[in-house]
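Worksheet: the structure to be examined is printed underneath.
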């Protein structure tokens, strides 16, 4: 038998982790159960953070003041996925960068409620600056996935 | 004439129990209070060095999360894996090179993980991982060498642990403050012979931050800067170090370089205390000789008699060491901060020695860092 | 008076596909380090410290540097492990430069690991770099993060899709001339436009491959560099910049953080007009289109004018400022070595050793690297003869 010039062996790194969310993320997630998208504001620069954050990275201040948004937002950018990625949804799917209300920051979520029958045409159906609103799951657990997706405001 | 680099402020957050927030929030709190103590804002920071290892944060490129929390937004930032003093060296070099005047060094530990499993995943996948070796087994290998070479006894391992636990009772930041006795340690379950459960460090959660400054900035910011007069590193080669576990050539190289640059000839006379990274109690005994605290084979005697110089006791691990507090990412930063607190509280103490390494992942292929901190000579 | 640091040696293996790779990590490291030492006329014992750059998750080994023995650990010298994601190569080089400028070490080795070698599915690992609770579930990998920027740019400046293909074709043509590059077939713009759409507006041939190969560089203090090397390449200015973590915190309007960094680095280097004063550049482009946004961010042209620079051939072979004459990251991406290579390629150009892809007598070069979740980190270096 001939000796191969090289061999390959497969291996993996399966490790489990657990993370405490802290007070601000916990409050933000809990509000999703009530179909509410909250934001918090920086006492110094007054920017609104959606999702909420524990601190403002620019002013380096703790964020303790909360605001409730109406949940609607605008699309700042997006991409339509056409190929299958492991552990990711079946294509095509649209990931959007969504600015909720007058937030100084954006959320990442899916854009849905579109006609997916002609995948090639999806990019043309989405406009930068387009207004979107959340579509909520029936059973909510306090997770960004309590929102099924954001759909264009009719 | 090289310029001096000082540490002007430090802060510690957590360590007593489980983390109740994510690592970026923990890091933010420590850095924010260190900045406040130094009387400077985030805008004064020129550079940020984060100390962490991806696996201890449970995400890839985890400094992405913690660099902005350490004040790094729109700043020059980096992340050093392999010990907090490594990150301090990075910030020190930024300042010495003239690229920064003020630098933050920080790290945080919030995520719960299986420490031994992560260690196992650091060993060679084809030749060692399957054998079931982890950091604990590797400490066990070193402990066995100490026994076989007659350097120390199992009894010494338990006494060393008890000495650390006792010291930990006086450290308000420590994770374990129950002060386990020699009897507690020597009756705790055997984990990996010759190591017992209470001879092995826990995994702690918390964060630590330091503010480093150029000589000029340091003198503006504080009347009591602590100067880094020696900082050095050394590594061991992976395959080579399995044969000579007590050689610790990388550690010796780091120590001799740091002693040289701080002009230390007799460590017992010139250094007031040592904070060592000894996540298993036998390691403290293994380090005495490379540190120059005793001759080869005399560690056991040193433990029994204590270290004295002109009537004063030279403490090793006055904080209780890693057996009392052992955060994976920020350990070296924590020990530097603890050493600063010791120097603040003890008028007689002028110079402290801090040692760090990445042996939380286990021995073999490890890197050692050492640092000497001293008060301004008046 | 600050000390200076110079590049005095570059070592590289030829690059291929991860799937076709037959060399082990140890063999690749040994080959690259040996080559770098030879080119600097040094031996292993001359190294004072080594800097390792990679990203653990991709190698499925925690701190893979520990088991890799080619970096002089046998000398018990410091092994410095820098991981800032894709930009780790730039961060590692910055570390080496600071250590030398600080007067701590004279000779420092920087190694760029073939990060992707053991990865079966790259995007799966990249997804784990996303914020675990807020963004990871949405199916975002690097290509999606890139797509957000390009979608926005197309809409803001009415850029036709053809321009992305044109800049990709320029890189592919250059790679065909680079004997070390991975993809060397040189597809045309038309062929690129006919390749499948991955994540709009990015097509397959506008995406980097997963390559295998390694790179090593030797840095030296001013005194040692002058003793050892006829053409030392000086690091005139170098820095990095950090953005926020969550992707959603960005507006995706150009590389705004790179722009801030470029202004800082150009000022430190004394460069007033980058287009005029820089002779050659390597800009990090895992997706071909990035190169156009980068022209604007580093100050080669005004916002919205990158297409003109490309169409006029300014950045192509024989142009005023050839960019990515190596074929760029879009033709060779072996993980962290890709960010080291940007500097290695510029150094080779300035030394006059860029076999097959040499630009006519350049004396000032620019090297850029990009990495982290959504390009959170950039590094930028001005290198000169």
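A, B and C are the chain letters, set down in written order, and residue numbers restart from 1 in every chain.
We take it that contacts are C-beta pairs under 8 Å (C-beta built on N, C-alpha and C of every residue); 3 or more make two chains touch, one makes a residue touch a chain.
As the structure is a prediction and not an experimental result, all values here were calculated from the model.
**Q** Please report the minimal path length, in steps, between subunit A and subunit C on the chain touch graph.
**A** 1
**Q** More contacting C-beta pairs: B-C or A-B?
**A** It is B-C, judged by the count of C-beta pairs in contact.
**Q** If you average the C-alpha positions per chain, which one ends up nearest the average over all of them?
**A** Centroid comparison flags C as closest.
**Q** Sort the other chains by how far their Cα centres are from that of subunit B and give me the top one.
**A** The chain farthest from subunit B, judged by C-alpha centres, is A.
**Q** So the centre of each chain is just the mean of its C-alpha atoms; given that, what is the distance between subunit A and subunit C in Å?
**A** Centre-to-centre distance between subunit A and subunit C: 29 Å.
**Q** Roughly how far is subunit A from subunit B, centre to centre by C-alpha average, rounded to an integer in Å?
**A** 38
**Q** Taking each chain's centre as its mean C-alpha position, how far apart are subunit B and subunit C in Å?
**A** So the centre of subunit B lies 33 Å away from the centre of subunit C.
**Q** Using the touch definition from the top, which residues of subunit B touch two or more other chains?
**A** Residues 24, 55, 58, 68, 73-74, 118, 121, 125.
**Q** Give me the residue numbers in subunit A that touch at least two other chains, ranges are fine.
**A** Those would be 11, 13, 19, 21, 25, 57.
**Q** Which subunit C residues touch at least two other chains?
**A** 57, 60-62, 132, 244
**Q** Would you mind writing out the residues of subunit A in touch with subunit B in their complex?
**A** For subunit A paired with subunit B, touching residues are 9, 11, 13, 15-25, 54-55, 57-60, 62.
**Q** Within their complex, state which residues of subunit C touch subunit B.
**A** 2-3, 49, 55-58, 60-63, 65-69, 73-74, 76-85, 91, 94-95, 97-104, 125-126, 128-129, 131-132, 239-245, 257, 260, 371-373, 376-377
**Q** In the complex of these two chains, what residues of subunit B are touching subunit C?
**A** Contact set of subunit B toward subunit C: 2, 24, 48, 53-55, 58-61, 63-65, 67-68, 72-82, 86, 89-90, 92-99, 118-119, 121-125, 232-240, 249-250, 252-254, 358, 361, 364-367.
**Q** In the complex formed with subunit C, which residues of subunit A make contact?
**A** Those residues of subunit A that touch subunit C are 5-6, 10-13, 19, 21, 25, 51, 57, 76-83, 85-89, 93, 95, 97-98, 105-110, 120, 122-123, 128, 143-145.
**Q** With touch defined as at the start, can you tell me which subunit B residues reach subunit A in the complex?
**A** Residues of subunit B touching subunit A: 18-22, 24-25, 28, 32, 35, 41-42, 55, 58, 68-69, 71, 73-74, 110-114, 117-118, 121, 125-126, 129.
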